[in-house]
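Structure provided below as structure tokens; questions to follow.
We call the chains A, B, C, D, E, F, G and H, going by the order they appear; numbering starts again at 1 in every chain.
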Amino acid sequence: MTEANTPCIRFDLERPKRIGLPEAVFCEGKPRRALHTLLSRFAGQPQTPILFTRLPQDVFNSFEEEITRAYDYDALSRTAWNAVMPKRTQGRAAVVSAGTADGAVAREVSRTLTYLGWTCRRFEDCGVAGLWRIQSVIEDINKADVVVVAAGLDAALASVLGGLTERPLIAVPTSVGYGVAQGGHAALSSMLSSCAPGVSVMNIDNGYGAACAAARILNAIYPAGK
Amino acid sequence: MTEANTPCIRFDLERPKRIGLPEAVFCEGKPRRALHTLLSRFAGQPQTPILFTRLPQDVFNSFEEEITRAYDYDALSRTAWNAVMPKRTQGRAAVVSAGTADGAVAREVSRTLTYLGWTCRRFEDCGVAGLWRIQSVIEDINKADVVVVAAGLDAALASVLGGLTERPLIAVPTSVGYGVAQGGHAALSSMLSSCAPGVSVMNIDNGYGAACAAARILNAIYPAGK
Amino acid sequence: MTEANTPCIRFDLERPKRIGLPEAVFCEGKPRRALHTLLSRFAGQPQTPILFTRLPQDVFNSFEEEITRAYDYDALSRTAWNAVMPKRTQGRAAVVSAGTADGAVAREVSRTLTYLGWTCRRFEDCGVAGLWRIQSVIEDINKADVVVVAAGLDAALASVLGGLTERPLIAVPTSVGYGVAQGGHAALSSMLSSCAPGVSVMNIDNGYGAACAAARILNAIYPAGK
Amino acid sequence: MTEANTPCIRFDLERPKRIGLPEAVFCEGKPRRALHTLLSRFAGQPQTPILFTRLPQDVFNSFEEEITRAYDYDALSRTAWNAVMPKRTQGRAAVVSAGTADGAVAREVSRTLTYLGWTCRRFEDCGVAGLWRIQSVIEDINKADVVVVAAGLDAALASVLGGLTERPLIAVPTSVGYGVAQGGHAALSSMLSSCAPGVSVMNIDNGYGAACAAARILNAIYPAGK
Amino acid sequence: MTEANTPCIRFDLERPKRIGLPEAVFCEGKPRRALHTLLSRFAGQPQTPILFTRLPQDVFNSFEEEITRAYDYDALSRTAWNAVMPKRTQGRAAVVSAGTADGAVAREVSRTLTYLGWTCRRFEDCGVAGLWRIQSVIEDINKADVVVVAAGLDAALASVLGGLTERPLIAVPTSVGYGVAQGGHAALSSMLSSCAPGVSVMNIDNGYGAACAAARILNAIYPAGK
Amino acid sequence: MTEANTPCIRFDLERPKRIGLPEAVFCEGKPRRALHTLLSRFAGQPQTPILFTRLPQDVFNSFEEEITRAYDYDALSRTAWNAVMPKRTQGRAAVVSAGTADGAVAREVSRTLTYLGWTCRRFEDCGVAGLWRIQSVIEDINKADVVVVAAGLDAALASVLGGLTERPLIAVPTSVGYGVAQGGHAALSSMLSSCAPGVSVMNIDNGYGAACAAARILNAIYPAGK
Amino acid sequence: MTEANTPCIRFDLERPKRIGLPEAVFCEGKPRRALHTLLSRFAGQPQTPILFTRLPQDVFNSFEEEITRAYDYDALSRTAWNAVMPKRTQGRAAVVSAGTADGAVAREVSRTLTYLGWTCRRFEDCGVAGLWRIQSVIEDINKADVVVVAAGLDAALASVLGGLTERPLIAVPTSVGYGVAQGGHAALSSMLSSCAPGVSVMNIDNGYGAACAAARILNAIYPAGK
Amino acid sequence: MTEANTPCIRFDLERPKRIGLPEAVFCEGKPRRALHTLLSRFAGQPQTPILFTRLPQDVFNSFEEEITRAYDYDALSRTAWNAVMPKRTQGRAAVVSAGTADGAVAREVSRTLTYLGWTCRRFEDCGVAGLWRIQSVIEDINKADVVVVAAGLDAALASVLGGLTERPLIAVPTSVGYGVAQGGHAALSSMLSSCAPGVSVMNIDNGYGAACAAARILNAIYPAGK
């Protein structure tokens, strides 16, 4: 058997200066060995906060305690960090989800925002089959500066919410559902076709990206003292 | 050139006895010659009511006045009949649509129900981008025995309505929209994935079929004196 | 590791008043922990009947006996209830399926109808490759008030049945098959394109939804004494 | 502008020896100039029978009378020939179609079979929404050696017929329909998924190919005196 | 022939209060008669600014001069308005496009932003096949508060731009291209899968929606004195 | 837990009389319990030959020896029979495959033909990347009465073979491949679009169906003494 | 109506230095006005050779003679140039096509190669339904340095050719065909799945791109004296 | 149980003479038994170099040491060889990849090139979210004779690279990503639609094929002494 395949990873250390967002490690598809190298490298370096996304619990737990102890790992969202970015004193995001099964994606949104230093509030179980759910919290949602909505199936919540808030609204389809909804494709099409104007959309299950899009907006409203 | 292709059409005259619905003529894809033969055959026979669907206006108008005069033709829904079925004294359908562009399909629903003898009421422009629209008419909608909803784009109206009515609810996606909504596919997926329980769905733009499904239900509630 | 993710679930207790159907718990995609919380909560409360759908047998069996004992669980349909709704004295549904492999979906239909209090009769193995099968039971099927048909592959049974019954007919494609039939997409397209008029369609494998659609119709024919 | 693009066409004159079928000219996508060259070349050569398929009527009529007079052109099937192959004394095909709109494809089947020298009988308007239609002619259909069925929409006729005949059965989906049936894709999927065993399928609208497949079978039963 | 189909249109006059954006009229799919009614109604009412999108030039030009004179119509973007919203004194959007063929969509973005009162600057022909194009203008782009990028084909510009700006970035796929790029589907998938974090996406060709999403963000940064 | 779900299976015993082919049991998707019932029922009845298809080896092996001993099981094709149909003295099929990975499907074809009583010869590894492979066996292939070709990936073998044989040719796409070939969809499209005339096609991996189609043709050439 | 939309086009004049290929103008989707500007600009500048692709004949002919006279326009390939690049003395491409209908794409390949200064030879009508066609010219094809193959339908020619030549082989699917072959998607999938190793593929109908890919290879074999 | 299914494999020993590339064994979908036979056959024959692709590590490791010891197996790329082809003294390929997750495919490219005797250099982690990555190595990349680029997600790297190199450029989409990028389909569409001219594309994850395409080009530049 040939020599080890040590991943040659070149970190984009200037990224925060260019786009206001640090690099994160997307773990899906990366060999276990590469993940080990990366987690080890940042384990004792809280001064360089780093976020790992889509890191499966069994993989994370299989590493030595020296590594896992250095990270804050969340099983539902499959995210881990060694430290978070400096806390912002202003700016708030609302993360709204339709059903319990959308919780993993919504939590990836809120975890990423927390990691980036922003405050965010979760509004769970707001599906439109019972309109009172969204109507009873809409006033609180509108107190946020930016709104992220996560929904699967028909994703009708995105359109209804788009008609109830004037905030920037970022929609994340989730891969919840079966049949034509399998993999989140019905939700994606529905959100892209929203009858409410100005709803912008992320890839299916891309909670991390939605948080970054929200952070770009929060940064625009409350610029950091660069 | 070879001999004329006279269509050999075998009418299903026993259909009303079997399924409570008369045969209709779906005109799309039928050669102009065949349509002429069929329209001529039933022109002077109001005692045998027949419905033509998807009959383009320019084709209809190209026939001799003797034929066109014998029919009630509606350009928006592209339907024509020589006579309607006996009027039912009980039973009412509500036909709800999201936007003006859904009007052609919604009208095919109401025209077909009228042809079949049932009363129906149209509720236009009820899209959920402004929830007050559907909320201001929901009480009237719920007075009907069965509800048909026609919507394109995200078709969120079907889910919202499904959470506001206990009536049998038949959803017809319309081919309104562009990009991922083109051809009505986003609306179809969304309706099939509705988070409201018990919404059943027709093929895209199939207003005729939705009316037949509604008529099957009305027949079940108010059986004809067979 | 961060704190536990207790699901915040907001039950739609007014749903029966609004739409005549109680809320159900769709288990797919929900974390095991959330299912445990939900099953525990309703275990000793037969006065609040609740239905769980898509609950895998191994997950259900992994819970403590105190919980499992409180539920009527059916492995084929993956449904569980703590109690059923009051039995209706009138109204009957027929549930027709094409092949043995469609049995799981057909059973989700009949289990849900039973839970909702309606009587239903199953007609199994009626596929059209041998027309005598459906013809030998059509008379009995027509004694029902509403008919649900579950079929995979070409789903030709839905069209044939649509030409043999005047009852409201709800078609559920099943994910039975391989190649172009994989996932039930051929059956879905076929049912939506049915040459028989007035066949309405549910999402693939959505036996629960078909039962709800049937219950909406039965409710319309035999209104409960609300 | 550069010099004329005379098509360089190399006829496969040995094809009948190899596969028992002569070459035909598929006209779709060929420039008008190329069609003119081809039609001219064979206009006065009845001893070399040739078939043109998918030749639009307006294109054909635009050529000089000297050419058009030399061909037997059929507008419905858009086929033309200068002469037919020697008539076979034995062997018969049945061509069954579901609705009037399937007539163009069914006619391409029968025209091609006629061109190839085989006898064929058409059975029109046999759609399964009224089962009596196919049942009233099944005995006659079974007198043929091979059966071709053309249907669009749900194409349920192919499955039903597959359960009623022991003959080799070739199914041609037609591009009749709209929504999910648009372009014949629902019919194609349905035929490929037929619950009746041994139904083989052609590309959508490929009546010419279906006739060739039938001719291969007829050739196998009644070999020509090569 | 039956009575005229006057569209019953219910304007959402409270929409600006709810979501900060006025209603607009999407013209595609609406019958010519309905468009005439709508354009007439607002022709003499500059105090009620209204925007028409996807209004084809030949339809617009076919109306009487009394109507057309009252509107500012732009043929490339197919937009018309009777008046614009009050001009905002702060806030700027950049609209970047890849090629000349993306110009129609980019112009729908800039026209809609102009209508909504926001300043916007166009950056044309920035496709990444020549990286110097985007690099030579990136500094100016970064002076805007929000960036919209319109691109078809591979839409690689969205990802490259996402790595060069920290501004909120809204990506609109355009239906430019053929083969797998036809209808903008390659561009849509590419943008949704962007390797740059926080790029949010609109439906194909939805320049109007992108402008609304940008306006939501500009509103959040520079709130109007409501 | 509720009572056992004994499958109600209604055998189509008249099928051979109607269509010349006995019923077979498609095992995929059927619960293990149902398969056990079926295998038990026919275990000791060689006078009623029955074929099981898509029966996984681990499921088969899990049954008691009393059952497994009664069947001829083949792991590659996942088929089992208790006995074969009477051997036909005339008629021969050729089964041609492109690569080793197509072997499972090709073997389902040959096993089914053997079960039905027909003689068949396998031609393996004939892929067109080396044309000499098919050319070196074409003479032997042409000695058969009917030819079945199984291929995945680009399925070019079907077209090449279609130009080299005058026999009836049935093409089965196999689910061999990855990327755009995944699941056999590239092969299916390619076979349906074959440039060789008269190639008819089965669903992906449907070796059983291809054998039945071949048997229909063999039956037509060499009719059984019914 | 607002001011004229003069396209702001920024030519990539350094492109030849970077990638060895000059910029070309893709005309599809560009407004007529923009095409006029571009054609005018280069009309009298043979010292700056430029290629226009996908320029429809009716658009080209609609311009003033002063412009059209300055270009060499080819209607079949819809290409135009004002002058060609310096002729290369070495290096030859072979362009092979399957049927007459693939001629437009094949001609776009040869026209682009001619424009770029390379010699190329066309091999028409080589479809594999008659293998002798490709076999009779393969020796000549192998005299070229690089081979481009254009085919629609099943595109089996690409695989067969891939097994007969050791030259770099670039495959272009053409949008020839109907049903599953419509738009060239079957050909694209087939070529990407080719069982012959090392066949690389272009987008459907992208003859221009195939020529550029061939030119990159020819440049690598016979480097220009830069 | 019936007799063993020994695979009948017919090696294409003349392939190198015809196309300059030896046959390789694609292991996916081949039964374990067949792989064992093949690996055994070539284990002690370094004079006949052979390459196995898509050979899973657990399958390889399950064979007896006598076999595994004879092969150079690489787990990341799942390739094995018993010996490599004679080393070429001239010619170099560059293999560029976007992210760590694309490493498996990129390594299949480099392993195959090594097996074929060509020198190749890997450039890892060059994704365009940080343009400096590709810009810092482009000079070195341009020293190669041919370039292969492997990327998933939006595959924007292929287009950017296409605008920065004049070398023949072969793009391999990788199945890295989720949602619309799942299975590599977004990357494939993006690469086929590349705005940079002359980028040719392989099937998703087809690193082996990309290496063969590169080898065809290298062979053309530096012909072996045949």
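The definition used in the following text is that a contact is a pair of C-beta atoms (placed from the backbone, for glycine too) under 8 Å apart; a residue touches a chain by one contact, two chains touch by 3 or more.
Everything quoted here is computed from the prediction, not taken from an experiment.
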Revision key, fill the gap. Co-neighbours of chain F and chain G resolve to D, H
Revision key, fill the gap. Contacts shared by chain C with chain E include exactly A, B
Exercise for review: Could you compare the number of C-beta pairs in contact for B-D with that for A-B and name the larger?
Suggested key: A-B
Review point. What pair in C-D, B-D or F-G shares over half of its contact pairs, by residue number, with D-G?
Key: B-D
Exercise for review: Mind checking the centre-to-centre distance between chain B and chain C? Centres are C-alpha means, answer in whole Å.
Suggested key: 27
Revision key, fill the gap. When centres are defined as mean Cα positions, the distance from chain E to chain G in whole Å is 34
Exercise for review: Can you tell me which residues of chain C touch two or more of the remaining chains?
Suggested key: 15, 18, 99, 129-130, 162-164, 179-181, 188, 192-194, 196-197, 203, 206
Point to revise | Interchain contacts (touch definition) - all pairs | key: A-B, A-C, A-E, A-H, B-C, B-D, B-E, C-D, C-F, D-F, D-G, E-G, E-H, F-G, F-H, G-H
**Study point:** Footprint of chain C on chain B - complex, ascending
**Key:** 15, 18-21, 24, 145-146, 162-170, 188, 192-194, 196-203, 206, 208-217, 219-221
Study note, to complete from the structure: So, in the complex, the side of chain E touching chain G is made of residues 72-76, 99-101, 103-104, 107, 124-125, 129-130, 132-133, 152, 176, 178-182
Review point. Touching chain G in the complex: which residues of chain F?
Key: 98-99, 127-131, 153-156, 158-160, 162-164, 177, 179-181, 185-197
Review point. In the complex formed with chain C, which residues of chain F make contact?
Key: 1-2, 5, 7-10, 12, 14-15, 18, 26, 28-31, 34, 173, 175, 183-184, 188, 203-206
